[in-house]
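Here the chain labels run A, B, C and D in written order, and each chain numbers its own residues starting at 1.
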Amino acid sequence: MTLIHAQEWLNTDSPPGPDDLKGRIVAVEAFQMLCPGCVSHGLPQAQRIRQTFRAEDVTVLGLHSVFEHHEAMTPVALKAFLHEYRIRFPVAVDMPGKGPMPRTMSDWGLEGTPTLILFDRQGRMRARHFGQVPDMAVGGEIMQLMLEREGS
Amino acid sequence: MTLIHAQEWLNTDSPPGPDDLKGRIVAVEAFQMLCPGCVSHGLPQAQRIRQTFRAEDVTVLGLHSVFEHHEAMTPVALKAFLHEYRIRFPVAVDMPGKGPMPRTMSDWGLEGTPTLILFDRQGRMRARHFGQVPDMAVGGEIMQLMLEREGS
Amino acid sequence: MTLIHAQEWLNTDSPPGPDDLKGRIVAVEAFQMLCPGCVSHGLPQAQRIRQTFRAEDVTVLGLHSVFEHHEAMTPVALKAFLHEYRIRFPVAVDMPGKGPMPRTMSDWGLEGTPTLILFDRQGRMRARHFGQVPDMAVGGEIMQLMLEREGS
Amino acid sequence: MTLIHAQEWLNTDSPPGPDDLKGRIVAVEAFQMLCPGCVSHGLPQAQRIRQTFRAEDVTVLGLHSVFEHHEAMTPVALKAFLHEYRIRFPVAVDMPGKGPMPRTMSDWGLEGTPTLILFDRQGRMRARHFGQVPDMAVGGEIMQLMLEREGS
């Protein structure tokens, strides 16, 4: 899997490394805790991915990629946010980059938040949805990745 | 495809016969025009199936299976309903059965409305969801059927 | 109160006459059973008026004013509709008029459905909201009518 | 008006003092920026109060009363939050109290967030709604206060 550059992981004692994710579909929700569309759409959708697919098939991760209001969206604030919004999946705090955009966000070519990124079993990025994408389409895309043969 | 016993088809000049549906995924929304859950959930979901998948991959059909208030939900009333709710996909009016339940509904073992029924390319019924089923799960199921090899 | 010309009343054994409504605020929801905006907005709002204000202060009535698809929205169909949507307040079936528009609708100068009409204690029409009007504004208007002195 | 003990005001250059509020209805939305019910219900309702009533009749204020996760909900974070959620009305940052509950929140006997508090023209607290209160009821209550005679 294209590396997540995390300065810290929340909601997990054993942050997933590239090897842990090999052979699994990975859905990453890139968000900012003070981004209204992330709160109303992106994060609830990530929760629904988790409810719909089995954990052994699809791993759901959050990526807190702050590119504005850095002083407001600190890891301490994020911890409180995850608690209040009952978000239980592992969340990586994206590492600072060279400019305002953090490093993973920049490496992955993300345009903003929320963005839902899907990786296949070989760790290749297969989808990158900025903004709102309907649940039905997401369900179809994830299933498509699940049914690909290993090695294909 | 398990036969739809229609006394009439609306929204189409050429009702789909079993042969037309061979080789395609078919999603049938069984509903009653005065069923609140059909209006708020089932029919909008059927519309979203149509928006998400290409017409050459998935055929969406309605099945008006009236098992109560027969005098209120006549074909004439259904026509006005489809017009007002802008439902454009073909809708079969289920044939009367021996009791209050119409014939296709009874043949297919449906419990009530709304029910979303999915058929694979061989015309086999593969899912039958009574009540509310989340969009994400439906998207996954349809994709799974789409990716099955013919003859498998 | 400006007369409701009803060919029939549903949900009541004792249709309210002008004298019964004297001295009360009356909220009339004019609707058609196959009008999507009536189902999603107008009728639920009428239900909330009933839940918010006491029955001795505000009387909520429905007015089924059919001006299109007359053959689909018959009193028999309306009865089934009210049952399925659990609408319990009295509903008048508007009398046929000279053209497609029924008589009360025409007398009151209504533009379409849904329309919420408010009458004060003297039976004067004080508001006529065609389309969507926010709950907060409706709550304010009804309270304003309630607090008017009799005879003012 | 019962005094707001503010350590800071946001969204205004001239914080309203008790004298400024005399003779006006005041609606105060007590909230915490990381409280989900405040984001989904309380603050949008405060915005709707502003849209429904004229500014010369009803003054809408926010009160950021943090009683948990103090380290996350700092004034700096609040500033970013108000910007992202497009909240334009003046917001007081409640002063620290003796325990975890801030001072105004404690003085006013608030149970949690969100709470909508209504003051009449004499500055008397007339309503205190903890949790969700329907828009229609709020509209009615505000109108009731507006129609009270001065001095009554």
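Heads up, the rule we're going with is that a contact is a pair of C-beta atoms (placed from the backbone, for glycine too) under 8 Å apart; a residue touches a chain by one contact, two chains touch by 3 or more.
Here is each chain with its UniProt name: A, B, C, D = Thiol-disulfide oxidoreductase.
All of these numbers come straight from a predicted model, not from anything done at the bench.
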State which chains count as neighbours of chain A and simultaneously of chain D. none
Hop across touching chains from chain B and tell me the fewest hops that reach chain D. 2
Distance-maximising chain from chain C - centres being C-alpha averages: A
With chain centres taken as the means of their Cα atoms, state the distance from chain C to chain D in Å. 36
Expressed in whole Å, how far the mean CA point of chain A lies from that of chain C is 50
When you check chain B against every other chain, which residues touch at least two of them? none
What are the touching chain pairs in this one? A-B, A-D, B-C, C-D
State the interface residues of chain B toward chain A in the complex, per the touch definition above. 48-49, 51-53, 134-144, 147
Which stretch or stretches of chain B touch chain C in the complex? 34-36, 39, 68-69, 71-74, 76-77, 79-81, 83-85
